[in-house]
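Have a look at the structure below, then the notes.
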Amino acid sequence: MTLEGLLPELTVIRKDFPILERALAGGMPLVYLDSANTSQKPQVVIDTMVDHLERHNANIARAMHQLGAESTEAFEAARDKVAAFIGAPERDEVIFTKNASEALNLVANTLAWRGEHQVGEGDEIVITEMEHHSNIVPWQLLAERTGATLRWFGLTDDGQLDLSNAHELINERTAVVAFTWVSNMLGTINPVAELTRRAHAVGARVVVDASQAAPQLPIDLAAMPETDRPDAVAFTGHKVVGPTGIGVLWGRRAFLDGLPPFLGGGEMIETVRMEGSTYAGIPHKFEAGTPPIVEAIGLGAAVEYLSHVGMDAIHAHEQAITGYALEGLRTVTGLTVLGPLDAASRGGAISFELDGVHPHDIAQVLDSRGIAVRAGHHCAKPAHARFGVQSSTRMSSYLYTEPREIDALVEALEYTRSYFKLD
Amino acid sequence: MTLEGLLPELTVIRKDFPILERALAGGMPLVYLDSANTSQKPQVVIDTMVDHLERHNANIARAMHQLGAESTEAFEAARDKVAAFIGAPERDEVIFTKNASEALNLVANTLAWRGEHQVGEGDEIVITEMEHHSNIVPWQLLAERTGATLRWFGLTDDGQLDLSNAHELINERTAVVAFTWVSNMLGTINPVAELTRRAHAVGARVVVDASQAAPQLPIDLAAMPETDRPDAVAFTGHKVVGPTGIGVLWGRRAFLDGLPPFLGGGEMIETVRMEGSTYAGIPHKFEAGTPPIVEAIGLGAAVEYLSHVGMDAIHAHEQAITGYALEGLRTVTGLTVLGPLDAASRGGAISFELDGVHPHDIAQVLDSRGIAVRAGHHCAKPAHARFGVQSSTRMSSYLYTEPREIDALVEALEYTRSYFKLD
Amino acid sequence: MTTANGQDLDALYQDIILDHYKNPHGKGLRDAHEAEVHHVNPTCGDEVTLRVHLEDGAAGRVVADVSYDALGCSISQASASVLYDLLVGKGVDEAMEIHQEFLTLMQGKGTVEPDEDVLEDGIAFAGVAKFPARVKCALLSWMAWKDATAQAIAGDGDKS
Amino acid sequence: MTTANGQDLDALYQDIILDHYKNPHGKGLRDAHEAEVHHVNPTCGDEVTLRVHLEDGAAGRVVADVSYDALGCSISQASASVLYDLLVGKGVDEAMEIHQEFLTLMQGKGTVEPDEDVLEDGIAFAGVAKFPARVKCALLSWMAWKDATAQAIAGDGDKS
């Protein structure tokens, strides 16, 4: 079948992902609908990593020999690629971390210490009820440890941020506003520019969790007006067809320069004496120790791959699949989607409930048919609590997802209903 | 040539490391003597990672499908392998970090916050002058941020810890003693048991940087008497033939349980509400977000590889090569080794000076002959300062190093002298 | 590597399990208890609140009641129901042995042959052991029971 | 990929460089200066302390002296010596242009043809540009000079 917006080269793209050939128990072909959890890897990412390990492996920066020069060059080229991928105003504003969680913690942890942006008593930190735990707990710890107050945006019944009290929430006491660009549970796309402008107007810093946005939406930070551009943006390598062990914190130079060091150690120093040390500038200041070298190089290949396919095309593909999935899911008796129902204004993660069957049990039956989805709270307990559910089932597509995989899902959900004798 | 203690299967072992076949500029074969900086990777580590990425890739713990189960099983099996490698009393005491630096910072950073082991004014932190920057800066930051006092052991002229004032340095005000097991610059092996016993006697916690010890020495924590066993031990994957992006913090359960969380986010929680969260037990408490999955699995394969060769045999090999190298280096006019001169009581990193040639220039000439060494301060500026030098040249061997590579080094050093017209 | 195909699905969801799931035995929190615990499976969010009531019997302490309130999947709900059937009325020592037997079964990766004399309906969980991701579901209430019982006994100690 | 073989070694260590290394021009810190900076190459530890002395000339400000004390390899030492030769006596604007020319040469990865009329002995550094790890060595004192000169000029501004 063809669907408007699908990637024209879908069959070729699927060939790039070796795991899609994998047969599961009972000879079932894999139907991977858990890409919001982690994405699969194209051959070029794997090959780039192997080539590095087999031919160029060496520590970076510190090594002056040929392997060291090659490794350093490849690592820094990866930084250039990532900078291009998000349209970073400056390539040195791209910090490599181990995942999105570390990137968010880097900011939250250092805001507690003496420095230009230090948060303290009387300050307010604003987050939202739809955040991933990785964008909640760091701010709870910061509030707890500094005496600042944590506040948050609630959600409307259709899974949008409730902005009705935005003016009260974001006020002159607000030090930081942190929120997700795209919700990993509800799929909601939040108004980044609007919220950022509002926060900047009261002098607050803005931290955006782009873990679900970076895989799906074209991002061009340099193209955003200064007022609308967040101060920091985090995302994670393994969701953009890159390896695990690598994440990205982009931060405005002036913001990062004003933060004290996070991890101390090799590479982040200017000079070290026993009595005290001085620190390097960004990006090195926040990259203590041997960084995830082969992982950064793999990530570079990953974002290059995505850019080659085209982020606009990937976004259109995601919207097409998401729309098709929303339609298909609507046909399943007793199924309720959590979050926005309009494919055009949402990301590609769709969480749902099925009356009478617990999400684990749904996932289990689907798995017996080779269909991989996620069941649980998706690291978004507060958002689940907001909708009065303890857990949900989530399907999430990506650039390699085909409509027939959605058909398989819908059919398997019908089978689940009959397996649990719901009719 | 044969040398007592060399690995009997050395030729076979070298075949396991594809990069050793690499030809450099001018067709020079690679002579890799920079293993203390980062080690090369055996094929089995690369293949294990590729197999995971091509066939089993999925997020762990949270995914309930077959790929998720396989990935989780492989990740947790890697924890078992690492636990076995260091003889951890409990496998859950093994925390995966991104490198040794993060492991050390995890401890130093969390000691600043409210908790059983919180460090504050009046407390003393003791380190040594031979530490890697990654075991200096975190403690400087801790001292600075809590008002504790940083103190340190000096060094003797032959590169040993100067223990003459140990009783004064480690006293009832001492909260933490942190030191390296094996120096990455001087090669010195420190008396872990003795120092730990002394620190425990005054109620201090002991953190050992095993980044250079884990690759070379058999470690069996469970076999150490409680009093002599450190409270925490850190090492890094890329120096034990594993990938970058993965490190290990082993910590005594009682110690880790008493530390507050480090990074907050997915996987480290028990439950999350907007008003506050509770945390999981170890190891998950300290593994926020998606961990370096394929990297942990690669590390598991790496330590299994080393254990298969045998850590006793590797240690003997390192000693044999180190002894041979010390002998060879002695023949070079104007060359001075920094650190202990007795191969039996030191690790395999040998730093030296050559009168009249700067380390960069030495490394450069060696590199033109395919010989990779490190030149600079090796992230140990204070140790260099102690010996009145600003930088040095370092050769470091590993299980794949052959005596003829040492011969090549010595010959190339002679060539360096003549190139710079020193005779 | 553990596998799960259509056939295993039936091994997992045996009728006994589905029956306990639909009609759980002993569910609901009852007043008499010496200890109450709340356990969560952090990865999926399943929760159980469980109370233990011990009484002195002729041959030592006896599990007089286990009452619970649980949110979770069929496996975790059914397992709490089976626990109720198996442990209530037993001496604490015997209950601990049954607990150990169930634990061994669940951690056996499908290689342990369950003893029907000891585990009764619990043998239906043999199939669950082949699904590593679901073992935690089956053990949630059992771990909570052990924790609560340990607390109840410790509380006893405090009193004496 | 950049390569370095025996031949390149001679390209790197041209006699001009080794001569400057053995007999550096203008080395030592002299009193007259408006700004002093201390720069470090964090990866290798090479250091330079550098002072800039500006004077008013007929056609604007002139680099009257650059005095320095440096610890480092042959490349970094020779580069400071060449900087001294090239910049002292020049107008600040012209010196900045020479600085830019040297920077372009060093960052050109060996593809930039140096202009001997501008860079004089500095053309000997063309070979260094092929060694990415050594570019920083060659640039250490040049970056320090630019920093110090900017400070000296800013200081002037403060005074006026």
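By letter and in written order, the chains are A, B, C and D; residue numbering begins at 1 in each of them.
Simple rule for what comes next: a contact is a pair of C-beta atoms (placed from the backbone, for glycine too) under 8 Å apart; a residue touches a chain by one contact, two chains touch by 3 or more.
Treat the numbers as computed from the prediction; the structure is a model and nothing was measured.
Chemist: For the chain pairs A-C and B-C, which is connected through the larger number of C-beta pairs in contact?
Modeler: Pair with the higher count of C-beta contacts: A-C.
Chemist: With chain centres defined as C-alpha means, what is the inter-centre distance between chain A and chain D in Å?
Modeler: 44
Chemist: Just the number, please: Cα centre separation of chain A and chain C in whole Å.
Modeler: The answer is 37 Å.
Chemist: Counting in whole Å, what is the centre-to-centre distance of chain A and chain B, each centre being its mean C-alpha position?
Modeler: So the centre of chain A lies 31 Å away from the centre of chain B.
Chemist: Give the residues of chain A touching no fewer than two other chains, as numbers and ranges.
Modeler: 24-25, 62-64, 66, 68, 267, 269, 271, 360, 364, 367, 375-376, 381
Chemist: Could you check chain D for residues that touch two or more other chains and list them?
Modeler: Answer for chain D, listing residues that touch two or more other chains: 3-4, 43-45, 131, 134.
Chemist: Name the shape of the chain contact graph, picking from line, ring, star, complete and other.
Modeler: other
Chemist: Dump the list of chain pairs that touch, please.
Modeler: Going through each pair of chains, those in contact are A-B, A-C, A-D, B-C, B-D.
Chemist: Please give the residue numbers of chain A that touch chain D in the complex, ascending.
Modeler: 61-64, 66, 68-70, 72-73, 267, 269-271, 280, 284
Chemist: List the residues on chain A that touch chain B in their complex, please.
Modeler: It is residues 18-19, 22, 24-25, 30, 32, 34, 37-38, 40-41, 45-46, 49-50, 53-59, 62-68, 98-102, 104-105, 108-109, 113-114, 129, 132-138, 140-141, 145, 150, 152, 236, 238, 243-247, 261-269, 271-274, 276-277, 288-295, 360, 363-364, 366-367, 370-376, 378-379, 381-382, 385 of chain A that touch chain B.
Chemist: List the residues on chain D that touch chain B in their complex, please.
Modeler: 3-9, 12-13, 18, 43-47, 71-75, 131, 134, 137
Chemist: Spell out the residues on chain A that touch chain C in their complex, using ranges where they run on.
Modeler: Those in contact with chain C are residues 24-26, 28, 358-361, 364-365, 367-369, 375-377, 381, 384, 390-391, 419-420.
Chemist: Applying the document's contact rule, which stretches of chain C touch chain B when the two form their complex?
Modeler: 1-4, 40, 42-44, 131-134
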